[in-house]
Every structure is written in C-alpha cells, then in structure tokens.
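Okay, structure first, notes after.
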Amino acid sequence: MQRRTFLKATVVGGGAVLGFDVSRAEAEMREFKVSRTTETRSTCPYCAVSCGVIIHTLGDQAKNVVPAVVHVEGDPDHPISRGTLCPKGATLKDDITHRRRLLSPRVRRPGSDHWEDISWDEAIAKIARHVKDTRDRTFVARNARGEVVNRTPGIAMIGGCTDTNEFNFLQWKVVTALGVPYRDTQARV
Amino acid sequence: MTNGWVDIKNADVILAMGGNPAENHPVGFKWFLEARKVRNCKLVAVDPRFTRTAAVADLYSPIRPGTDIAFLCGLVRHAIETGRFHEDYVRLHTSAPCLVSPDFGFDEGLFSGFDAEKGEYARESWAYQLDGRGFVKTDPTLEDPQCVFQLLKKHVDRYTPEMVERICGTPKDTFLKVAEIVTSTGNAARVGTVTYALGWTQHSTGVQMIRAAAILQLLLGNVGRPGGGVNAFRGHSNIQGATDTAGTFEILPGYLKTPVGSQHSLREYLDANTPKPLLAASMNYWQNYPKFMVSLLKAVYGKAATRENDFGYSWLPKVDGNYSWMYIYDDMYRGSSTRAGGQEPGPEGFITFGMNPVALGPNSKKMVAALSKLKWMVVVENVETETAIFWKAPREYEGPEPAAIPTEVFLLRTFTNSARWLQWKWKALDPPGQAKADQEILAAILLAVRDLYQKEGGALPEQVTSVSWSYSNPYRPDLGEVLKEMSGTALAEVHDPSDKTKVHTAGQQLDGFGQLMDDGTTACGNWLHSGVYTEAGNNAQRRNNADPLGLGMFHNWAFSWPANRRIMYNRASADAEGRPWDPTRAGIKWNGEKWVGDVPDMKPDAPPGTYGAFIMMPEGLARLFAPALNDGPFPEHYEAVEAPIANPLHPKVTSNPAFKKFTSDKDVYGAREEFPIVCTTYRLTEHFHYWTQHQHDGLLNEVQPGFFIEIPEALAEQKGIRNGSQVRVISARGQIQGVAMVTRRLRPLTVDGKETWQIGFPIHWGFAGVPGHTGPLANLLTPSAMDPNTWTPEYKAFLVKLEKA
Amino acid sequence: MPQTLEIRRSSASLWGEKTGMRHLPVVAKYIDTTTCIGCKACEVACQEWNDLGPVPTVQTGTYQTLPNLHPEFWNLIRFNERETDKGFAWLMRKDQCMHCEDPGCLAACPSPGAIVQYANGIVDVNPAQCIGCGYCETGCPFDVPKFHQKTGKMAKCTLCVDRVGVGLEPACIKACPTACLQFGTKDDMVARGRSRVEALKANGFDHAVLYDPPGVGGTGVVTVLAHGDHPEWYGLPRDPRVSPLLRLWKSVLRPLGAVAMLGTLFAAVGHFMYQGPKEPREGA
Amino acid sequence: MSSGAPSSLADPAVLRARRTEDVVVGDEIVRHRLASRVIHWSVALLFFLALFSGLPIWTPVLGWMAHLLGGLNVCRWLHPWAGLLFFLAMAAMFVHWLGDMRLEPPDREWLRPRKMVEYMKHEGDEAEVGKYNGGQKLFFFAVALGAAGLIVSGLVLWFPLSFPRMASELATLLHDLTFILFVVAVVLHVYLGTAAEPGTFHSMVRGTVTRRWARFHHPRWYREVTGERPRHP
C-alpha cells in the first residue's frame, strides 16, 4: 500500500463509516526504485570477461549520505557484455553488502584457538618486525656456487589475480625489495 | 586470448574443448551464440560431461579426462591426411619448411635426449639445421623428410580414428563428425576458433594440449585472423594482468626472464636473453630486450639505478631452480630446499593477497600441514577463508592441534579488481568498517620495514631502501601515478627512433614501447602495457564503444596490450601480397603504403615479405616444432599421473616422463587397481571459486545451495545409489562425502576395450562459509602432480573409488 | 486517478470490463530455449531487482533451484534431461508468469481490482486488493501465482511493470547473457520467434514451434521450443485455456442463481398479496 | 410448576415452553421448547452471517456489502468460519429434530408439484397433518443435504491449493449451486414462517401456538396433544 494510496483511503474512508464506501486502492504501476540513485560505471570483479556494471548507490552524493549499494545492473555501453550479466555479476549487491565481510584487522596468536582484535598500527608494526627478522635470518647473499643471488627464501608471497594491474606492479616492487623468490598467483592454478 | 571476446562472433566453427564457457564465462559465451545466429556457425563441445555448453552445442562429443592430446593429434592427422589444411598459410606463416637436425627422434614414448636419471631432456638434438650465416635451412616444397611438416606428419600418423577411440573412449563416428566440422575451416574462406580454459591447463600434459590445439589452428590457417586464434578464457578478473605484471617467480613485468645466479652482470643477463634472428625475414622483436630491461630497472630503482651500478641489477633477487606453487608448500613443509647444490631455508613467513591455498590445493592436507610450519602469516582478504582459519580446520584435514601451531596469523581487510583489457575501475564506495585498500596495506608494510632497516640496518638494506616509492602519498599510492610509471616515462630528452621529429622531454609520458631506450634515459614498469598512459591521458579510462570495422575490435574502448592491438599475429590474416584471406573478415591489409585495419602486429610501413608474421619468434614464423618446452617439441599423448590404463601407444612410458613426483609423506599416488574410477573437478556458473559461499543471505547460495557429486546413471544403478542420497568418494589422499546427483549427462566410455567410469564434482565448498552452505574441499582428493612447463597442478584427471555413505 | 486509464481489464470488476483509455504498445518477452544455458542470471536478477528471497534451498540432486515457483521466487529455470529424436538433450526453460491475453487468474479472482491487466499486456497482482483466497492459482493454466504465508497475498512475476512503466526493459531480460531472452512489442517478438523457428527447422528440428497458445488468447511470453511436439518436456501444458467450468459458473450459473433467488422473493410477495395469509376463518 | 411463585407478568405457557413441548397450557399449546428455538435461531443467524460474508465474494455487485463487515479481507476470513459454525449448528438441529421428521406415507405426496400448488392455494385435505407436514419434512432433509454440500465444497474452496485443480473448479460449481438452492428454500421458509401463516413466527419465538392455530394447521398433532377424539385409530 503506497503512502499516497493510504492517505487517499483514510480521507475517503473516513466518510465511509456512515455510508458505503466503494472506492478502493486502484492498481498502479509500481514505483521505480532507482530513479534518483548515484550510478557508478565499473567492472565486475569475478571472471575475465570483464563485464561492465552500473552500481546504484544510495543518495545523490550529498555530503551527509554514506553511500550504500541498493542495486547493481549491467552497463549497456560495455562492448563485451552489452548490459548482460551472469548470476554472479547480477548478485554483486550481495557481495558488497553481506555481513560476513571482515571489518577490522584481527590476529591469531601462536597456539591460540581464537581471533583477537588488533589495531591497524599494531598489526603493521608487528608484521614489519616479522618481515625484517625473517629476512635478516634467512637472507642468502651468495648461493652454494658463490654467485651473488641476494634472495630471502624465508618469505613467500602469493595472490594478485583479483587485484588491479597497478597493485600487482606495487606487489612486484615489494617482492623485489624484500628479495622474495617464492612468488606465485592464481594464474598458476 | 589471441583474439577478443566479441571477435568470436566472426567464427564459422567454434571448438569449445578443455573448458565449459557456457558455465564459467556465460557473458563471453553470448558471442558464441551470436556467431551461430549471424553466420550459422557450428559449435562443437568436447567434454567428459554433457555440460551446459553441450546443451546448446550443435555437436557434443564425450572424451575421457586427460586424453585431449590424442583427440587433437587425431584432428591434426585428419587435416593432413585429407588435405583439408590451409596450405598457402602453412607455407607462408609457419615453421613447416624449417629443417630440423637429423639427431631428433621419437621412440617408445621418449623424444631424443632424455636423461633418465635426472628425469629431464637435453634439447640439443631438437635444434634447427643452420646455414653459414646462422639462419635456418628451409625446404619450401615441404618434401624434405627432416622438414618440420614431414616430421609432424610422421609423429601424428599413429593417431588414427581407431586409436583416438581406444584412448579417449570417443565413438569413432562422433570423432569423425567433429573432424569433419573442425577441418572445414582449413581454407581462406572459412575461419574457426578454439576456446579452452582449465580443462586443458590443469593437466600434467597441459601445455602440450594447448600446443596441439595451436598446431591444429596453424594448419587450418586460423591464427591471426578475425574469428580465429587460440583463445584461453582466464578465470579471475585479472589473471592476465597479474601474469603481465610478474605475479609468478620466473618472470619480471612484461614477461622478461627473472635473472638466475649464473648471470653475474646485466650484460651477461642480456646476452643470455636477447635472441638472434634465425631467418633474414625475422623482425625478432625480442632483440629490443635490453631496452625493456633497462627501462624496467630505471622504473623500479629510480635515481638509485645508474650506469655504474648496472642500473641496480645486483639488487634484483636471483633464482636457482623452481619456486612455483607446489614447491612453495613442499619447501615450507620440509623447512628447507636444495638450491644450486646447497641447502637453503624454506618459507617461514607467508603473505597472501586474496588467495586461498588450503582450498586451492592440490592435496589440501599437505597445504594445512605446510601452513602449520609457518612462524607468521598475513592474510589480506574480505572474508574469513579456509586459509585464514587453517589452524582450526576440521579433523579430516589432519592438521595439528591449534596449540601446536606456532603461526601468528594476521587477517587484514581489502577490496578492488581490474579487467583483461586494461580497463579503469572506478570506485563506487569506500570499503566498509576499517577496511583498507590493498595498496594501502602493502605500502604500510613496506614503509614500516624500510624504517626498521634505516634505523637498525640488517641484510643488504640497499635492496629494500633503493626501490623507488616516490608517489605523492606513499602511504596511499595513487593508482593513476602507478599506471603512469608502468606505461613509460622519459627521464631525459628522448627521440622516437622511427620518427626523429617526435621528442619527449624529461617527465613526459612516452607513446609506446617503440620509444624505450637502453641507456637509462627512459623508465617503464611494463613494456607490454606501454602506451596505456600517454600525454593524451589515461587510455584505460576510454569508453567510446564504436566499432567501425564491425568485427568487434573497439580500438577506442580502454587499452589493449600490446600497443592497443586487438587481434594478435594479425599479419597472418593476410597472404603474401598483404591481401586478407577473407575480405569480409580482414584483420589487417596492405594498402600500398602501410598496413590498415587492426593495429598491425608488424612494422606499420614494412611491405609484405619484409618480415615474418610472428615478430616475437626468432625465425619470425609460427612454431609447429617448439624446441623450448621441457617435455618435447611435439605434443605426445601421455596418461595422467594417476593413470587408469597403461598408455596404449607406449606402455613402458605411460605418464609424462618430464614430471618428477613429490616425495614428502603427504604425497601419495593412487594405483588403478585400488582406484578404478576416473575423477575430475570443475566449477559452476552460480559460484566463484571459494568466494561467493561467504555471502550471508546471498542469492547464489540459494540457486546453488550445496556440494554434490555427479555420477553416471548406469554406475549408480550398479552400486545401488539413489539420486539425492549420500555417497563417499575416496582417493589415495583423502575422502569426501556429499549428495549424489545421478545423471545421464555422464556416460560409461569403452577405453582400451574396457568399460571405464568417470565421475566429477564442483570445487566451490569448504569448511569456511555461511553455515548451512559449507562442504568438503574438493582438493582433499587431488594429487601432487603438475605440468613440467607451467607447474600447474593436475586437478582434472585422477583416480578415486566410490561408495554409498 | 491516472492509473486507471492504463488498466485494460480488472478482476471482479463491476459491469464487465474496466476499459482504460490509454493505448500503450503491447509488450512481450521472447524466450529461445535453444540458446538458454541455464545460468540462472535471470533468476537472481529478478530477486535482486524486486528485493526478494533468498528462499531456503538444499541440494537434492538437481541443477534446478526449486521444484516450483515460490511467492519470493518468481522466475525458475526448469532443467530436464531427455532422450529426444535428435539424441540426448538437456532442455532448459524459464518458467514465470506468461502474462496471458485472457488471464485465467484474472477470471478466477473474486476480489475487485486485485488482478489487473494493463494496456501494455502486463498482468499484475495489486496487493492492496488481494484477499489471498488462492483462486488465481487454481485458475492459472500454468500454475504460476503463489500464496505468500507472511503477507497472506498472492505474488508472481510482474514483467517488471515498474521498469517497463518508465520505459526500461525487465531485469531478467537485461541480464540474460546469451540473448535467449529478448523484449519488445509483441509483434516484434513473434516475428523474431518465427524466424528463429524457421532457422531451427532448417537445421533439422522439424517440430520446432513458437509457443503462443491461443487457448488463453496468446501469451505475453512467446517461447521457441526445439521439440514443439512435446511441450510437456519443458513443463508447458499442451493446450492451456481458462477453465470452461469457471466460465460456466461466471457467465451461466451465477446470473441464473441471482434470478432464481430474487424470483423466489418476488414470488413470495406476489403470493402473499394474491392469496393472503393462511389462517382459520372466524368461528372455525 | 417452578418452585418460586410465577410472576404475574409471565405467560404460564411461555414459562412451560422453556422445558417441554407438546403439552397444553391453558388455551395454548407448547410447540417448540426453548432448546429447539435456540438451535433454530442460531442456525438462522449463522446462515445469514455466512450469507452476508459470502455474497461480496460471490459477486462484485454486492461489493458494498463487504464494507459493512470491514472489507473483503474480513469477509474472506469470516465466511469460512461462519460457514463451519453454520454447519455445526445445522448438524445439532438435524440431530435434535430428526425424530420428529420421520417421513410417513402421506408425506410422499408432497414430492408431486400438484400437492405443492394445492398447498399454495390453501386447499387440500390437511386433516391428517401431524406436527410437521410433508413440505416441512422435505425442507428439513433438503436443507440438511444442502449443508453437507456446502461444507464439502466450502472446505475445498477454503484450501484450494491442497486439492487438485479440478476439485476446486467442481467445488466452485457445487458451492454456488447449493447456495442458490439454499437461499431459494430459505426465502420460502421465511415467507411461510412469517407472513403466509400468522402465528407460526410466534411459535418459534415464544414457543406456543393457540388451539385454533393448531387445530387448523396441524389437526392430527392437535388431537394427539389435547387427547380429543381422534378421527382414525
């Protein structure tokens, strides 16, 4: 029962108490729910077809609005997908808004059987300490044949296929900076 | 992909094999059906299961998992025997006329040069015959028995339709129907494309399967032509981008080789990796290797890279041996590895950005055991994956008690992605809660480590401190600035070699990799992506979807590497005079002065005949004979590592000889006597790997709620299994239980005269995920087996037994 | 109220049809079952757009999401493994409201204005008027409308009347990756269907047919079937029509009943005036 | 007689009618004791409740009637329950009066329209009419049958989804037909019970009839009750 219809019914209905009221909530075409949302053109994160999507977020980017995803639809301009999506793409709203998404950093202490919350600063500091200690302890400047190799076999780094090219380049820079030889990504599997 | 998604609509025949595009790339599959609607294209699906691709295919052919090489070599033989191959194309664009050294041979399942003790091939006997000037000897008539064409003909001669039926289990008449349709494109008028995915890559003979498809497509003259090519459908959104930007240990960005210990200086490294042309008419584009490498070093070490210190070459970590996926966990599990003859420690620290090894396997138990040896682990994820909680995995994963696992696990929170065409990703909204973008997390870790080295020193601090990180906000690197760095910037005044008048002053963005220098005056993070960010702006953001040629190239939509070319090797779409084989579907054509159409895969103003069509190859020709591979220059059928039968072609060498088995106590291989049923794993269209089951109240968990095992109806009857009942599948490494889906879409195959059963199950469920939508990890059963070239695990064919639960 | 001008026909409307004034193009959905890959993009796009579900489900040994439509699942792909004359086939057909020209649901609905047919052919349930009696489900030859326990109302596919109302195509059709689903005027969709049937016949499917059953006056959803001689393989009735018994009741029995009842009343009054009361005469 | 002194106002026959019937009190005869009347009127009331809540569902022409009861939704809820209660009350009535309604040979004639017309013209030999004439007995059984038809089809219509499609279609017809006949019968019953035969209404309200009324309408019953000389053994 739309708000407008309800008002109509009560006003007219009031008079009906005494007599017979024959007016009724007339069927009407339902409200179009995304007429004033903000549209962002983006790309689906899932497979390599790279379908274009339009992400509808709450509000018109006014300052006091925290945008939330209300609907995701295909981008008709994208030359490959032309507005279509597969079931995963069509439910992107679920992926962005579902409440099992992690919201803050956590740590599992050695030997513990549960997570503990940790602040960003403390997490980064402890990770940096681990990285430096492991690198210093396992650094191999020269291999068994005496050749200069400068590698850190104590660290392995994987991932990147769901990340941007730019981030992958930054990852390669960090891998090179730390001398990490064990480096792989989903492309392998 | 050599071609593009939309280009598939130009095909007359599509062979969808080694992949299930309808389920795993449904929107890309639109163009398969567009081809059928527009030009009545024939879609052939070859798959062990009758999948949703087969449901709409014109012809479906069953096949036993892991026998694709036999099938494809059968098609190659059919093309040659019936003469239905594109002879002009083969003479002009492929290495068919090249002569191979007489020492090359193949006998009893082994190519020449196999060192049984080391389990490797010595490849000297696979070399070309060279003339005085170092160029390859050729026989244009293709008669010489040592020419590649004749060697190929002899090699595939054994793959008769009867042998294909015996190995693959595909009925002979079905195979001949497929052959009839596929080889119908072996001429100028018709074009066919081959599409594949993990159905080919995830085998111990994966690379050779794709080689066989490439040889077939070259014989049919389909490579480089619109509607043709060999098209790999990548899984993740940026698998292509991740490999381009060196996501794997053996390459640097732009597929440059990672330096090895024995290459002491930059000069030694460049000499080892810069090939010399093998034919006069070979552009041999890799001769520009030094320009790409020096520009990369300038990009990564900035001012610290000077001519005097070899542009920082010594700081690059060198590799000895294999550091790929399965070796990471093998060395992690053992705690050490032998490198260049000496012992070196295995990984004790582990960082994963959105990757889930416990689920990805193979052999999940080994994964859990290996991770339990770590001192520390950083998981950057947006959901709590199996890897994040490996320390509380259920009992059947046989992980140690949590108290006994020393690993300190940090679970940090991320979002972001990209696409194959370098397409810009506009951000819709900020990450929820205190989540940070990937680049912020990575920057924070690097900068914190750098501060520690500056304060306390340690092992080779210069390696850490000299990597340039000069972004306007180092803690939150702007992706636009990073893209500029990758695309290529002039560090001093640079003249364009092909057009002297074009000059770039210091700080300006270059136009493309043609302007890269090897004297340190240019910096470029990835020569392949060069040209994505020019002075004209960020081409990845372009959104003009006009397609004047009507072939689905979209040159003004985003940027396609290399150099915005949309169809690779498109010179091969034209004959010797530069006329397109099929005028209605022209890739590029010579208009008298220059090549027009797609961005030419050729020197724009080089008349036809100056250079071969395959500019990256030293001989400028497409390689029918590929001596650079670890398991043979020609594809040869080998059974999977867990083989259900002895190899009918050469029983003494049943599986791929170039694969060395893993030897830890977790690496167990099953024998066919105890595990008679062939098993395969695959994905479903309603889920994405191990990601979408975490969506609480998600619609995907609704339309595909839980784990199941697909069992042929006849086998289910034999074992008294009802549809929907619980069954148990056991391999040498583990066992899983799930709902039986009894179906006629899986049929018994008569292989080598015996009735052979096959079953399969999807991979999407694990012990992490929304309660009610968890399940067993498929990779509890998969073996520690892999391809000797790409080291990709063999998920697609292994042995199991089946029981009622 | 402007809305009434777009209604061509309304359930249990007083004096026969309620004819709206506006002439809108009659729209239709085209389904080509020979290019459907059963990917369920339409299933989830419909739920996402209409903010429905998820309906609790469990894997029972089939790719089909649910055995039947559900008040929060308006659009279901039916999977059918079948041996046909063309060999083994895995038939997939999208099941949802067919938006009939002569809707059985509208005919069976006793509540005025609860089910309306707009001028553009869309048949929609108006929750404000629906009394949840369930007669539309028995009246529908395709068994589409479903009763929702929570709301006590019936629910079904609305062909995205809100999107079509503002000139946009329905959510399921926009999402369909293989162009198995298409949208446009009924004539365009029928024309597209006929040419597709010709192409199928040329490719050896001699029984290919465009399923647009006359029994319900033609449907707002036209479906190309490769095996037209077996609509039941796709879960479609062979000759759907509004139930003749319903017609008999509404147009014959009910008026007669009214006449009979009023007639008796008048007869009684007439008799009384003519005969007067029956009582003993004085002194008897 | 009740122990307390009867208040002067109460008519002794009416008081007597509370407990027993077929007994002479003064110049009145008790025809319907309290229990009969309560059952009759509860059946009547529930009948009209079901009728008025069913009519708007039956035809939109009477849509306005729904609003009296609070809208069609209320009708949809009320009608089945009212129908069920009506059926229970009918069952009680059926059991209560079954004894009196045993069909005797003369009642058979009422099946023929000629007898019906005679009755309408107030002619016809009524000497042998007992407490209830043939028409009333037939009406009794017809109504009982009608109630059965209504409940069976009503249950199907109440839960259309748990019956096969054909069942709910047939139920619609059966419910409608039975309802029409039922209303026709009730209209006649009300007419005969009020205007057509004065005094009858009083008997169902207060429970008593005058001797004249009894002798005129139901002679045999009158003789049996008053003990006067029966004309036949």
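Descriptive notes on the structure:
For reference, chains read A, B, C and D in written order, and residue numbers begin at 1 within each chain.
What we mean here is this: contacts are C-beta pairs under 8 Å (C-beta built on N, C-alpha and C of every residue); 3 or more make two chains touch, one makes a residue touch a chain.
These figures come from a predicted structure and were not determined experimentally.
Set against one another, A-B and B-C show the most C-beta pairs in contact at A-B. Each chain gets a centre from its C-alpha atoms; the one nearest the centre of all protein C-alpha atoms is A. Chain centres here are Cα means. That of subunit A falls 26 Å from that of subunit B. With centres set at the average Cα position, the gap from subunit A to subunit D is 73 Å. Computed centre separation for the pair subunit B/subunit C is 49 angstrom, with centres defined by C-alpha atoms. Centroid to centroid, with C-alpha atoms defining each point, subunit C and subunit D lie 44 Å apart. Touching two or more other chains at once are residues 81, 84-87, 89, 91, 94 of subunit A. Multi-chain contact residues of subunit B (touching two or more other chains): 26-27, 30, 685-686, 697-700, 703. Taken residue by residue, subunit D touches two or more other chains at 63, whereas all remaining positions touch fewer. Residues 22-23, 26-27, 29-30, 33-34, 36-37, 40, 50, 52-56, 58, 60, 685-686, 697-708, 723-724, 739-745 of subunit B touch subunit C in their complex. In the complex of the two chains, the subunit C residues touching subunit B come out as 34-41, 43-44, 47-48, 53-62, 65, 81, 83, 88-92, 177-180, 199, 203.
Contacts from subunit C toward subunit D in the complex involve residues 12-14, 110-112, 129, 131-135, 137-138, 143, 147, 243, 245-246, 248-249, 253-254, 256-258, 260-261, 264-265, 268, 271-272, 275, 277-280, 284.
Within the complex formed with subunit C, the subunit D residues making contact are 57-61, 63, 72-73, 75-76, 120-122, 157, 159-161, 165, 168-170, 172-173, 176-177, 179-180, 183-184, 187-188, 191, 195-199, 212-213, 215-217. Taken together, the subunit A residues at the contact with subunit C in this complex read 1, 5, 24-33, 35, 71-74, 76, 81, 83-87, 89-91, 93-94.
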